[in-house]
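Structures for review follow.
Look at the two complexes coming up: chain A is in both, with chain B in one and chain C in the other.
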Partner chain A sequence: MRKKPTRKPTIRKLTDSALRTWVAGLIRRQRVIGVQADGERFAFKPLTRAEDLRLDYDVTKIPPKKLFQPAAEPLLEYDQAANYRSIFETEPFVLFGVHPYDMVAILQMDQVFSEKHCDAHYFARRQNATIVVCDVQKASPNVFAGCMGTATIRKGYDVLMTRVGGHYVVEAGSPKGEALMEGLKNRPEADEASLHRREQVWEDNAKFLVRHTLRMKPAEIPALLQRSEDHPVWEEKAARCFSCGSCNLVCPTCYCFDVRDDVKWDLQGGMRRRYWDGCMLLNFANVAGGHNFRKNRADRYRHRYYRKGLYVPAKLGGEISCVGCGRCITACVSKIANPVEIYNRLLEER
Partner chain B sequence: MSKPKVAIFDFACCEGCQLQVVNLEEEILDLLSVVQPVEWREAMSEKSDTFDVAIIEGSITRREDEERVRAIRERAKVLVALGACATVGGINKLKNRFAMEEVRRCVYDAAADMPHLDTYPTKAVGEVVKVDYQVHGCPISKKEFGYILRCLVTGKEPFVPTYPVCVECKMQENVCRYEFNEVCLGPVTRAGCGAKCPSAGFWCFGCRGLAEDPNVQAAREVMAEYGKTPEDLQGRLQLFNGGKEQAS
Partner chain C sequence: MMKTRVCACQTKDVYLPERARVVASEPMTATERFLAFELESGRPLGHQPGQFVEVSVPGVGEAPISISSSPTRGAAFEMVVRKVGNVSRAMHELKPGDPVGIRGPFGTSFPVGGAMKGQDVLFVCGGIGLVPVRSAIQYVLDHRKDYGHATILFGTRTPAERLFVAEAAEWARAPRATYMETVDRGDGQWTGSVGVITTLLPKVTIQPAKTVAVICGPPIMYKFVILELRRMGLSDDRMYVSLERHMKCGVGKCGHCQINGLYVCQDGPVFRFADVAQIREAI
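Take a look at the complex of A and B:
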């Protein structure tokens, strides 16, 4: 989808105050969604003041997927004559402060939503976004991106920011990113020392964003799953599963949705919306005629791991559809949703 | 298409769900454009023995209630249970843990022997007659009531979640109440409320009843991890779910 910039990308060095000035300027001109404190945790929210941007965050509660596929999204309006009008509620925006693992997830979703039929609603939002990725400055309690090869990213973003010592190195990764960095043309180019320290940050993040250690290479997961269908771990963990879908909904690569209509009081026209869905939910696999082909809790529990480690990778040329953000581990009330624990367990004797 | 005649009947409850319907305010005109109310104690004086749709608010707590609701069911083409008291028995089921004589004396004292106070263990409407549509919650959501009513008059099956409240909590980007070390009934309670209570900083009270195939056994086991006991869970479940414990 993206062309590699042919000329050398712009790389600048930015102090904290220069960053604030830049962001304040962006806010004046366009919609900016940035990471901010939300209670004790963090969330992507519309940014109204540059000083609210928190690039030192550990992880957001919900991944940036909510900007491309909202939890409840209007798709179309229909009327009595079966005419319909598609609804596209989107405008250009800057998405500021996405972590590399979340950017990897967005790139995966770009592939998923363009498979066979291009999802117009997803891409309307996606094409409106200019994404500023920021390398992780603080490890979240359950991150394991270091094991998944997603702790850092070298493509796909519009701008990449890395904190090195007391300032940022800011690099454009696309024409959109170059345009966003227009406002920085009076700032100094990044010097050799800063670039060298940036390499060090990347090395460190790959090493240290590992709160849980996967005892295999991600590429080995599909084969491992293929021989684990009847492993006892599925039943064992599912006994504690609420089928509440929390692990699905907080996952940056869970994209399943349900489509529902709501007829207006005139009983003729109405609105069609899509809502987040999740394969852990009891009626997720309910089909016409009332048959549920995944009624068993353990079947659903197992399905999530197969989806991330085998089925979706088949669509993605082998790439594992778990980016190691660790949100599912945190969100699960029963504490049974740790992918690292499960994959490691599959390596063991039964 | 002639508008279906609708009658709203109240049984043991606070009538707050009926009040929610009255509180539709301007939307009442929309409501009147699709149905014709013929009996509705909180909103009109007229009564009627003829109706297409019976909306039952409240739970069944006496033998005479049972007879009355059966008679209503016979006359109605469609029957709707309105609110937690009607759909799950609601807080009226709290009394079911005690002897009825004790309950009568405690509440009515000297008047306990009056014939109209002859209470028996609370039943949800669905435990007595066939219910076609359920509008859950304490109180009901006006929005969901309107949606279900529109589905009813157009003959569509409404989407009423069977999954737990956690789904809507995540959609609202709430932090789990368990992270605040609270016992929340969200993981076993039917969603559809939009996770109102957790979004306002409270644990889920379970007013929409249990989710379909709830894993109450898991909830019991999980208590220890949060320094709680199964009794803590049980206490909360009793409020709206009659202490019902069904392990799946």
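Take a look at the complex of A and C:
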């Protein structure tokens, strides 16, 4: 087979008003989920008006994982005769304004959901999505993506937008992205100066999206954890843990789930759904009959950090399964969920 | 550019059960029920001794259940279910002909075709730990010439909780086989051994260099049995344990069955003890 000639990706320059026109056009044609204000903070929500899109956000309350693994997700329908039928989400959508660290998390979830047994429900949603990544314009209070190598991203997105000065540089990263940018045919190509300023934004973001400083390279975390099972930090921190699971829910790389059968009102059948679950919750490792294999709070607490820094990385070719979004730090009521603080503490003598 | 994923999931949903029917349902003890199933398609399940399936009871839910019969015993596959959760309670109501959903088989199996072959085999089972191990016992007895002496040790809390009593009598009569049982406490009529499972081990002579042990029972049992087997000279790489966790999805995703970095549904439920001896959460 002849190799297709590699085409240079389309890169255009977009003013704010051109952006609004583009987004308005997209909304007319298809489902668009975009970042919007939600009270004092931000959230991914269905976009009905282009002017509601807030690409200047700092971080969303819940990561975009909810679009690919909804908090309550139908898997199957069944009837009382044990006829089970798969349910798949089939509506295409554009996901607008994902930050690079969240895109890294999505790419990690692509790997865990395709590893060994491929999860058709996850990929039905995933393949229906066109993802527009937007470089961070405002650092959130607890972001540390700069330490995790996730402040910027060069592949995996469909479109990448970067604000440089008073406009955006918009680059296609996939055939889907090229198709989405069809609507920008008449916009100017990005000039050298804009591209140069974009490089500067990337450099700055890698440097400044660091509200907490990790005193090691992320690649050193697995080995550090391997020798830290008995470190006192697990008991110290867990002593103040409410086992509420907030850190699990807001984490872009927490994907554990529970599965439940919900019976329909007529009792003739129902739906099997999966729900977000969390390894910090007391009953997570319960088996029928009541035995709890991870009853100790410190064991659950340690398990979560070991998943992020050791167990899941083993599935990801070594990549750390923490992208530095800082949501857990913000969400934790006891203020014990700062991964940077924990990893740094492990460097210290016990 | 992102790679386009071409994968089997577009044709296969790993969460979709296949329909099966109950072909036998009998009470076994006050809390355990014996059930046998056949896939409606008529094809054999294709399991290995020690594997498990996810059983769906319509309107109730899904639960991981060990297969108790050997694949050498025909297309039907058997289970013994203790009435402890929603699904197992519903399974106690199942009658022959009732439909259920089955996914699997999942997980690793007892090494009947590997490490156990040509060796003396020592089965140490506590309570319903006998249920998954029975698949390997049947397999070994059905391929009698492929294995050395088979010793089956079974302990329960009371005589009334013993499982497969009639079948165990056959095991005791099988060529080159020993069957011993004990109860934690007798019931007045009991004339057999009294004491926990480890009290049977001193009654057994093993040749450590040519013996493989298979251990399954309640969580508390493993460490005592393993310590005793070590004292008898058996090395960790000759012990196989079947571990219980909640294998909710069966495909290594949901996280419930994790033992440190291991997924019991994929890396287990059968582990060589040497491979998990240094893993904190295993035993």
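Following the convention adopted for this analysis, the second predicted complex is superposed on the first by the 336 of 350 C-alpha atoms of A that agree within 3 Å, B and C clash if a C-alpha of one lies under 4 Å from a C-alpha of the other, contacts with A are read in each partner's own complex, and residues count from 1 in each chain.
Note that contacts are C-beta pairs under 8 Å (C-beta built on N, C-alpha and C of every residue); 3 or more make two chains touch, one makes a residue touch a chain.
Bear in mind that the values here come from a model prediction, so they are computed numbers and not experimental data.
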{"item": "Contacts of A:Glu91 with chain B and chain C, given as first, second, both or neither", "value": "neither"}
{"item": "Partner chain in contact with A:Ala331 - chain B first, chain C second, else both or neither", "value": "first"}
{"item": "Chain B versus chain C as contact partner of A:Glu51, first or second or both or neither", "value": "neither"}
{"item": "Comparing the two partners chain B and chain C, which touches a greater set of residues in chain A", "value": "C"}
{"item": "Which of chain B and chain C A:Glu192 touches, first, second, both or neither", "value": "neither"}
{"item": "Touched partner set for A:Glu348, first chain B, second chain C, both or neither", "value": "neither"}
{"item": "First (chain B), second (chain C), both or neither touched by A:Glu40", "value": "first"}
{"item": "Chain B versus chain C as contact partner of A:Ser246, first or second or both or neither", "value": "first"}
{"item": "Touched partner set for A:Arg294, first chain B, second chain C, both or neither", "value": "second"}
{"item": "Common interface positions of chain A, toward chain B and toward chain C", "value": "260, 263, 267"}
{"item": "In the complex with chain B, residue positions of chain A that touch it", "value": "38-41, 43, 61-62, 66, 71-72, 239-246, 249-250, 260, 262-267, 275-276, 278, 281-283, 297, 331, 333-335"}
{"item": "Residue numbers on chain A that touch chain C, as the complex places them", "value": "75-76, 78-86, 110, 112-121, 123, 127, 155-158, 173-174, 229, 255-261, 263, 267, 269-270, 272, 274, 277, 279, 284-291, 293-294, 299, 303, 306-307, 310-311, 314"}
{"item": "Residues of chain C touching chain A in the complex", "value": "1-2, 5, 7-10, 12-17, 19-20, 56, 58-63, 82, 84-85, 87-88, 99-101, 219, 244-246, 248-249, 251-256, 258-261, 266, 280-281"}
{"item": "Residue numbers on chain B that touch chain A, as the complex places them", "value": "27, 30-31, 33-34, 146-147, 150-151, 153-154, 156, 159, 162-164, 166-167, 169-171, 173, 175-176, 178, 186-188, 211-215, 217-219, 221-222, 225, 248"}
